[in-house]
C-alpha cells in the first residue's frame, strides 16, 4: 500500500490537480458561506416573526414554525433529492450548483432561525417592555435593543453551525456538484490510490473547518460576560432542541 | 409543467420502507451507544489522563469533528481495502458514525462532568454521604441533567445522519427509497413519503426521550 | 377603581403586595391589556387597542421600573437620549444638552459613558429616572423604584424624586416607603385586592383612616 502511495504521489500532487482541488474547496466554501449568510438573513426574519405577539400574525407564526420543524427533521440528503427532482420537474435550465445552493439555504434558514431565536430569548423580557413603554416600534426594539444584546449569544453557536455546514455540504457531491468531496470520487475514479485521495480530501476539509471552529471557541470565551455566559449555557445545553449540536444532517 | 403526483405506487411499498426505518434506527442506536462508550473514556481521559493521552484524545476529537463523516466513511470503505481491511457497507458506516459520535460525545460528556460543582460535593460530604452514595444521588443526577438535552438532540442528529448510509448501498430508509424510486420513477413522491417518515421518527424519538428524561432525571425537556 | 388626577399632583398608591398597584401602572402604560374600564386624559378616553392612540398616550407618559431596565447595550448618555432622538425625532444636540442637565440633576454628571453594569443599583435607577424625564412626560409613573435597592442606596433615589415633586411634575408613585409617601404625596390611594379602599390626603390616610382595612395596613407598616 505504501509503495503505491509513494509511487503515485508525484502524479497526484501536480500543479493542475492542486488548482482543481483548490477550486473545489472554493466551491465548498462558497456553498457554506452563501448558505450561512442567507440562512442568517431569512433565519432572522423567521425569528423576528416568531417573536411577535399580534393575533393577526398567528397563521404566519404557525407557518414558519412548521417550516423550521420540518426542515430540522429531514435528512439533508433527502431534502437534496426532493429539491433536485422538484426543480428539474419544472425546469431543466437550472445548474446543479444552484439547486444545491437552494437546498442549503432552505436548511440553514431553519437552523439559523433557531439559533437567533434562542439568542433573542436570552435578552430579558423587561428590556422589551422598557422599549415598548418608550414608544419604540417593533423593528426599532429589535434593531436597537434586542439584537445588540443577543449577538453575543448568537455568534458562538452560529460559528459552530457554520463548521457543521462545511461538512454537510459534502453530501452535495452525490448530485454531481464539483466541490471538495466530489474531487475525491473523481480522482479515485481515475485510478489514484483512495488512501492518498481521501487523505487529501480530509485534509482539505480540516484546513477549512479547524480555523473556524477555533474562532468560534475563542469568541465563546471572549464574549461570555457574566450575564451572557448564563445565556450561552442555555443555548448550548439548555432546554429544548436548540443546542450546540444542531439537530441536523451529518456530512 | 404538467406533473401529476402519484402516491399510490409509493404507499404500496410502505411496509418495505418502514423496514428500512427500523434499520435506520438500528444504525443510529449502534453508533450512539458505541460512541457513548468511546465518549466516556475520552472524557475521563481528557480530564484525568497524562499528557500523551490528553493530546491523543484531543487530536481524535479535533480530527473527527472537523472533517465530514461522509468522507471519513469513504476513506474506510475505499481506502482500507488497500491495507487489506475489507469492510461491508454496513460496518463501514457504523464504524464511521461511531468514531464521529465518539468525538462529539467526548465533548458533551466532559462538559457534563465539569458542570458538577465543588459545593455540591462538599454539601454531600457534610451530609455524611458515602462515596457510592454521592455518585448515585448527587453526581450522576447532576451530570444527567446537564447533558440530557444535548444527548437527546445528538441522537436525533444521528438518526438523520444515518441516511448517509444509503450512499454506500445500505438499505435503510433512504437506501430503500432510492431502490423504489429507480423502479417506479416516482422520485418526488417517494422522497416526500420518507421525509414524512423521518419527521415522524424524530418526533417519536423526541417525545420518547423527553418522557424518559422527565421520568428518570426530572428534566423538563421541551419537544419543540 | 375610580381615580382622577389633576395636573401637578403627586399620587401615591399603597397597599399590600399583590393588591394591584403595579398592575394598575402597567395597564395605564399599555403594557398589559385592560380588561374593563376607561382611562381619560384631558377628558378624552383612550382606546388601548388602537395603536395610534396608545402611542399618543405613551408620548405623554413615562414609567420608571422597579428593575431599572436600562438598555444594557448602551451607555448612560445613550440610554437617556435614544428615545428623544430616535422616537421623538428631536435634534441630537438639543437632546444631549438636556440630558447632560438631567444627569447633573440626578447627580451623575460624570457617568455619561459608563455602561449600566458598571453602575450601582441606585445609580442605575437615577439614570432610569433621567431617561424618563428626557421624554418630557406630562405624567411620570414610578413603579416601586426603591424596592430592588440596597437600603443605603434608597435615600439617593428618594432625594431625586423629592426634588422632582417640588418642581410640580404630575406623578403616580407605587411605593412601600411610607415616610416618603407621607411627605411627598398630595393624595394617597389605599388599594387592596385590585380595589381602591380609600383615597385621601396623607394626613387622613396615615392619621385618621376611615376604613378598617387601611387602619390595619397602615398600623402594621408604621409599627415596623
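The letters A, B and C name the chains in turn, as written, and every chain counts its residues from 1.
Keep in mind that, in the parts below, contacts are C-beta pairs under 8 Å (C-beta built on N, C-alpha and C of every residue); 3 or more make two chains touch, one makes a residue touch a chain.
Quick caveat: nothing in here was measured; it's all calculated off a predicted structure.
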Checklist entry - Taking chains as nodes and touches as edges, what kind of graph is this: line, ring, star, complete or other? => result line
Item to check | Far-end chain from subunit C, centres as C-alpha averages | outcome: B
Item to check | Centrality ranking, top chain (CA atoms only) | outcome: A
Checklist entry - Roughly how many whole angstrom separate the Cα centroids of subunit A and subunit B? => result 19
Item to check | Whole-Å separation of chain centres (CA-atom averages), subunit B against subunit C | outcome: 54
Item to check | Distance between the centres, which are taken as Cα means, of subunit C and subunit A, whole angstrom | outcome: 47
Next on the checklist: Which residues of subunit A touch subunit B once you look at their complex with the stated criterion?
Outcome noted: 1, 4, 65, 69-70, 73-79, 81-82, 85-86, 89-90, 163, 166-168, 170-171, 173-174, 181, 184-185, 188, 193-195, 197-199, 201-202, 205-206, 209-210, 213, 236-241, 243-251
Checklist entry - For subunit C, which residues are in contact with subunit A within the complex? => result 29-31, 55, 58-59, 62-63, 65, 67, 69-74, 82-83, 86-87, 117, 135
Next on the checklist: Which residues of subunit B touch subunit A once you look at their complex with the stated criterion?
Outcome noted: 1, 3, 62-63, 65-72, 74-75, 78-79, 81-84, 97, 100, 104, 108, 111, 146-147, 149-150, 153-154, 156-158, 160-164, 166-167, 174, 177, 187-188, 191-192, 194-195, 198-199, 202-203, 206, 219-224
Item to check | Residues of subunit A touching subunit C in the complex | outcome: 126-127, 129-136, 140, 144-145, 148-149, 225-227
